[in-house]
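Order of writing sets the labels: A, B, C and D. Residues in every chain begin at 1.
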Amino acid sequence: MTEATARKPRIPIPGVAWLLIALVAGFSIGAPGFASGANVSNITQQATVLLLLALPMTLIIMAEGLDLSMGASLSLCTVVLAATSLATGSLALGIAAAIVTGTLIGVLNGALIAWLDLPPFVVTLGTLGVAQGLALLVAEGRGTTGVGGGLSSLWTGTVLGLPIPLLFAVGAWAVFHVLLHHTRFGVAVIGLGGNREALRLAAMPVRGSLIAVYALGGFFVGVAALLLAGRLDGGHPTAAIGTEFDAIAAVAVGGTLFEGGKGSLGGTVLGVLTVGVMRNGMNLMSMPSSLQVAAVGGVVIAALLIDAVRGTPRAEPA
Amino acid sequence: MNRTILAGALALCTLSIAHAADERIAVFTKNQTNPYFQVVRMGADSAAKQMGATTTHYIPTKPDSIPEQLSLIDDVVIKKPSAIVFTPVDYKAMGAGVAKMNAAGIPVVNVTDRSENGKFVAFVGSSDYELGKVTGRYLLQTMGGKGNVVILEGVKGSLVSSDRVRGFQDALKEFPNVKVLASQPGNFQRLQALQVMENLMQTYPQIEGIMAANDSMASGAIEALEGANRKSLVIGINGTKEAIDAIKAGTLLATGDYNGYLQGCVSTMVAIRELRKLPVPKEVVFPATVVNKSNYLPLDVPLDSRACPKWEDVVKS
Amino acid sequence: MNAVATNLSLTPEQRAVLSRVLVLILLGAGIAFASSTFLNTGNLLNLLRQASLIFLLASGLTLVVLCGGLDLSIGANVALSACLAATAMKATGSPLVGCAAGAACGLAVGTVNGLLVTRVRIPPFIATYGTLWIIHGVTYWYMAGESVHGFPPAFRALGSGYWLGVPVPVYLMGIVLVLGTFFLQYTAWGQEIYATGANTEAAALSGVPVLQRRLLVYVLSGGMAGLASLVFLARLNSAEGDMGEALTLQAIGAVLIGGTSLFGGSGSLTGTLVGALILTAVLNGMNLLGISANWQPLITGLIVIASVGADALSRRRRSD
Amino acid sequence: MSAVARRPIEPLTAAAPAPLFALKGITKRFAGVTALDDVSLDLHGGEVHMLMGENGAGKSTLMKVLCGAYRSDGGSFEADGRPVTVTSAADARRLGVAVIFQEYSLVPHLDIAHNVFLGREPRGRLPGLIDHARMHREARAVLDRLGLDLDTRRTVEGLGIAQQQMIEIAKALSQQARILVLDEPTAALSDRETERLFAVIGDLRRDGVAMAYISHRMAEVFTLGDRVTVLRDGRRIASMPAGEATADELVTLMVGRKVDMSYRRDDRPAPGARVLEMRDVSATSGIHDVSLHVRVGEIVGLAGLVGSGRTEVARAIFGADAVTSGTIRIDDRVHRGGPTQARGHGLGLIPESRKQQGLALSRTVGDNLLVAGLRRLFPSSLYRPGRAHEHGASMISRMRIATRGPRQVSRNLSGGNQQKVVIGKWLLAGTRIYLFDEPTRGIDVGAKEEIFRLIDQLVKDGCAVLMISSELSEIVRVCDRAYVMKEKRIAGELSQAELSETNLLRLAMHHD
């Protein structure tokens, strides 16, 4: 374990940590019911879908990549899940279809980026369009509900008293922690961001790793689709529009650099929670929605501002 | 400038009294950008004020975001308001959310968009289909029952859009001599409607009538016509302030009155009456009325000076 | 490694632009083949007018991207600027005051972005994403869900007027294209922007005031958003809180399809113009052919990938 | 290289008859350009095979082929006399080939141990997982062998360029290679680390490892080499036992024409006024109370071990790092502010790493030549591409830059020519005070002499030069005076009379 901790790229506590502490403290006093158990499980549950995108996004960004297609792809997966389940009458098939769809889009991203070495921003902006288009076409622009077959229990159900989404989130975090800190794949990810020539000379599969990172992202988009579909009890072609930007913001707020293989999964978790806590707290305090919109941006900038002031090393603005 | 002050005041009062009164109504609307929902919110506010209750508004930060409205529901259930006035951002996807409110034992009144699933005290709204039908019919009559029309649809897949368009089409059935040149989505957006019209006008030199599924698209179409120095009769639906002005200016033939303000008022009244154990109808659907040059005056007043009618005047059991 | 850019008679920029023009021509030919009306002067003028809006916005963004940055807030900036301009115009009845308000707002937002990126050193993507939300919030609060509409004809001419049979925005587009290209190709500032984008550190160590240049491009981008907001407002004759939201991705698309590299240091406004035209032609064609709007994102996405992918392949052919 | 001389390496005992590894008639082309043309090379166990040649002669390409980074377009390989194929880095590794690369192949945010074992991480008990304990243990051992006392858990980010090179070496050593390729390993090393490396090379030779060693330093050929092979324009020109070679002969073979290495500072008129002066300058980069001055018409050396703060001094003068105390005067006027102001005062910096700091590789030679001079050549800020092209073209011919003209992309130039572009950039900017940071690193002999002459010409024309170099011999040959740095401070100044490698070294070395 000591190795593992030492292995981690040294990241000072990101500013977002202080921000989160401040928010929690503030809301516990100011917002009725904020500290209640029910509300805490609310916040965590609401954060899970975003977290399932933000964790792989962390690795992708560490590998000097970006995935703008996640939101659209997530919507598509929910649609595919609903459509397949209704068509075949088997939820299992629907789930499989959703995960396959997500992974395929991830592989497509990775392949285009690795083989044509195109800028990830462009490729994934393109696949964003493709996924969004497919979702709209498959669902004919409207949502599908009444899948049944216990789909909604994916969101509401509990195992050993723990909400299933929470288990998904914890499981995902564990997977990513091991991948990043205890496997060659993790080394490759850091190398992709730090020095690809080095990987090449060390006979490590550069393109393979690149594709794998995006495929992994796609896979977890598929997994997130299970939760979202469970929450909607169906699929919707625009349900997750723009989620990728929230994920990227959470990653950056968490202190992961946009250049050169330096990142922190823990920071990402904090980033996701902070935005969630802020929205939830402001709702409980019945703050006007317009203020909430501004606050989202405020959190993002504040976190990086704190880092800047505290002189946390950051990548040169890209 | 006065708008700022107004908005500020709104924000303040909602903030300050939120905890004071004991009848707290949580009002859910789809977004904070579409003027229509602002009208609904103001109706709700004035109704609450008249009856001595307070309202708090819950609006997704991303317009019409399904996950966000679901989260809003989670959070509101924690706050346990006395009652909820609810517009689903999507008529199909909110079932789970409504179920959660029901489970929490909070009475929910469904307003404007009829939610496909969930248990409600009542539905308050207007019939999109009827509105489409009567407003469309009015246009076709004015056209003298002949000529070419173009339909501007809303967001594909949205119930509002499909119902209104269905209304248009059934109205058209009554006028066999009218030809439908095209029926294209403008996604309820002004700019898209504008550009769609510009493009269509290239293909069709003769367009006598334009049926827009909402007022924004109607004014988009009007801009397009003016840009091309062409004339045709345009109708919209919703009866927004802008539409009324356009009718005054003579650029818009008519708009179907969606009664946003009334919907706000009545839905909130129903919620409060339910709390006070007063009788409430299961459904309040406002008669579809066409607003045109002859009858727009009552609607042509600044929102903040409007007041909710008496319950008895609206609901004659 | 020893490979050498072939055919020195064309710079990479020029080669990229030419390939885009080719794509545009093929696309146009395709649509014209399917719909006779596509090539009507009227329709082509429409195309130009619709493209002009995207271009005005994308031109500022092009500078930012050339300088190695990114600006996600332009759409939100358009909304806020337009709303301010609208209310100012309503309050004073003077188009000039309105325009001043819109332009000022645009520039202000651009300056804030610039400072966040250059002084606080927040990565552009995040900084401008943050301001995007803040601007939206301010706009929503300011408009309180209402809309402002009905402006003096003199102002509306800016968006929907004609001069010598050509829409006014098209002239604006031409002016911006010429001035912008001149600025980039024929002034020291332009050269310094390219240099900064290509290798910021080397530029700085060559005495190029990189911080000022980076700040400058964000301010300009904000200014262009301000200008675009005015045209937009004049065109719609109405201001709402959510106007312009859809424009950001379109502008980014135009820049990328136009062949400007996100790595900075290479690209051109002409390319962006062609990019904007391609995007608009797709929309226009879909309306003319009555294709469901659901297809639009799919098609746009494919075009983005295809155009940039083509570049990559040709690059690969040229170097090993 | 007196430092090395003190630790002579015992001469070679009988080399193994069959070469450990042999390249036969290797050919490599890039987009039509032939980089290697039918090159053969034998690597014998216990032998150091020196590879010499100008930049672009094909040395590095040959090495990349040998280690599988490039696929050869023709030719074959033999290991212990048996034919083998090398088409990937993995193949080469399996055959026991390890390479110490010139460009650092380290990953900044990985710790030292991970870099040393990159791609060879010891597997743990659970499948797929890395055994960190073992990895760090083994890394520790290798570092100790190189006398490198760095924590193996430290990320390599922020390590000095010399330490990075040492880790490169550790990486290669840890592979227990039978064939070790060293591509200019000492280019970045100070003499102290060089000494250490040579000792290790001696051990490896005794262990029977076959080594191929690329170098631009004559001294190394004779202190280390058992056999020399000279490459020119991708062809093998000659191979001979190192003993039989002479410096002049080798240079002639490499350059293909006669170059006189006899460049000596011919007497220049006495230096004029102080144009540049630092008084007790400390900077955020860590340098302390640095005081020095440079006069018109003189070349002042700035020596010291790598990491002693030489580059930081240059950056402080140029305004690239913030000065915290002390004053910098130019022409007796206090100079503050960043590079832009510095350029305005006639300063020019030729930075340490051309590729990262000197050039925009993606832009054309012309663009790079013009970037610093824009303000001077186009005072109105109106940029005229036509005139710019002329300026570029004239500078290309004046600097004898081997390129097809201002519109060629800089990435495709050889190291020496890229360096000339960087210098030309400042000539066009009308620079009076030049700060050269390792101007000849990784540059072949011919180009080196050219650059020395150029510097000489500059000072003759009334410019002032401050030159940083790790090659003491260079300082001695080229400079009129020199300052020596140690631990971020000026350790002393040597007048022309005192200027000698031993004196420089004495001031530079740590006495601990």
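Note that contacts are C-beta pairs under 8 Å (C-beta built on N, C-alpha and C of every residue); 3 or more make two chains touch, one makes a residue touch a chain.
None of the values given here were measured: they were computed from a predicted structure.
The chains in contact with chain A and with chain C alike are B, D.
Averaged Cα coordinates give chain A a centre that lies 35 Å from the centre of chain B. With each centre defined as the average position of its C-alpha atoms, the distance from chain B to chain D rounds to 72 Å. Rounded to a whole number, the gap between the C-alpha centres of chain A and chain D is 44 angstrom.
In chain A, 136, 140-141, 288-293, 296 are the positions where the chain touches two or more neighbouring chains simultaneously.
Counting partner chains per residue, chain B shows two or more touched chains at residues 7, 10-11, 32, 61, 156. Annotation for chain C: residues touching 2 or more other chains are 133, 136, 140-141, 144, 263, 294.
Every pair of chains meeting the contact definition is listed here: A-B, A-C, A-D, B-C, C-D. In the complex of the two chains, the chain A residues touching chain B come out as 32-33, 36, 38-39, 42, 45-46, 49, 136, 139-146, 152, 155-156, 228, 231-234, 236-243, 279-280, 283-284, 286-293, 296. Against chain A, the residues of chain D that register as touching in their complex are 67-69, 88-90, 93, 99, 101, 103, 105-111, 114-115, 118-121, 124, 128-130, 132-133, 135-136, 153, 155. Across the interface of their complex, chain B is touched by residues 35, 37, 40, 42-43, 46, 49-50, 87, 91, 133, 136, 140-147, 149-150, 160, 167, 232, 235-238, 240-243, 246, 283-284, 287-288, 290, 292-294 of chain C.
Of all residues in chain C, those touching chain A in their complex are 68-70, 72, 116-118, 120-127, 129-138, 140-141, 144, 200, 214, 249, 252-253, 256, 261-263, 294-302, 304-305, 308-309, 312-313, 316. For chain C in complex with chain D, the residues that touch the partner chain are 1-5, 8, 11, 185-192, 194-195, 198-199, 201-209, 263, 265-266, 318-320.
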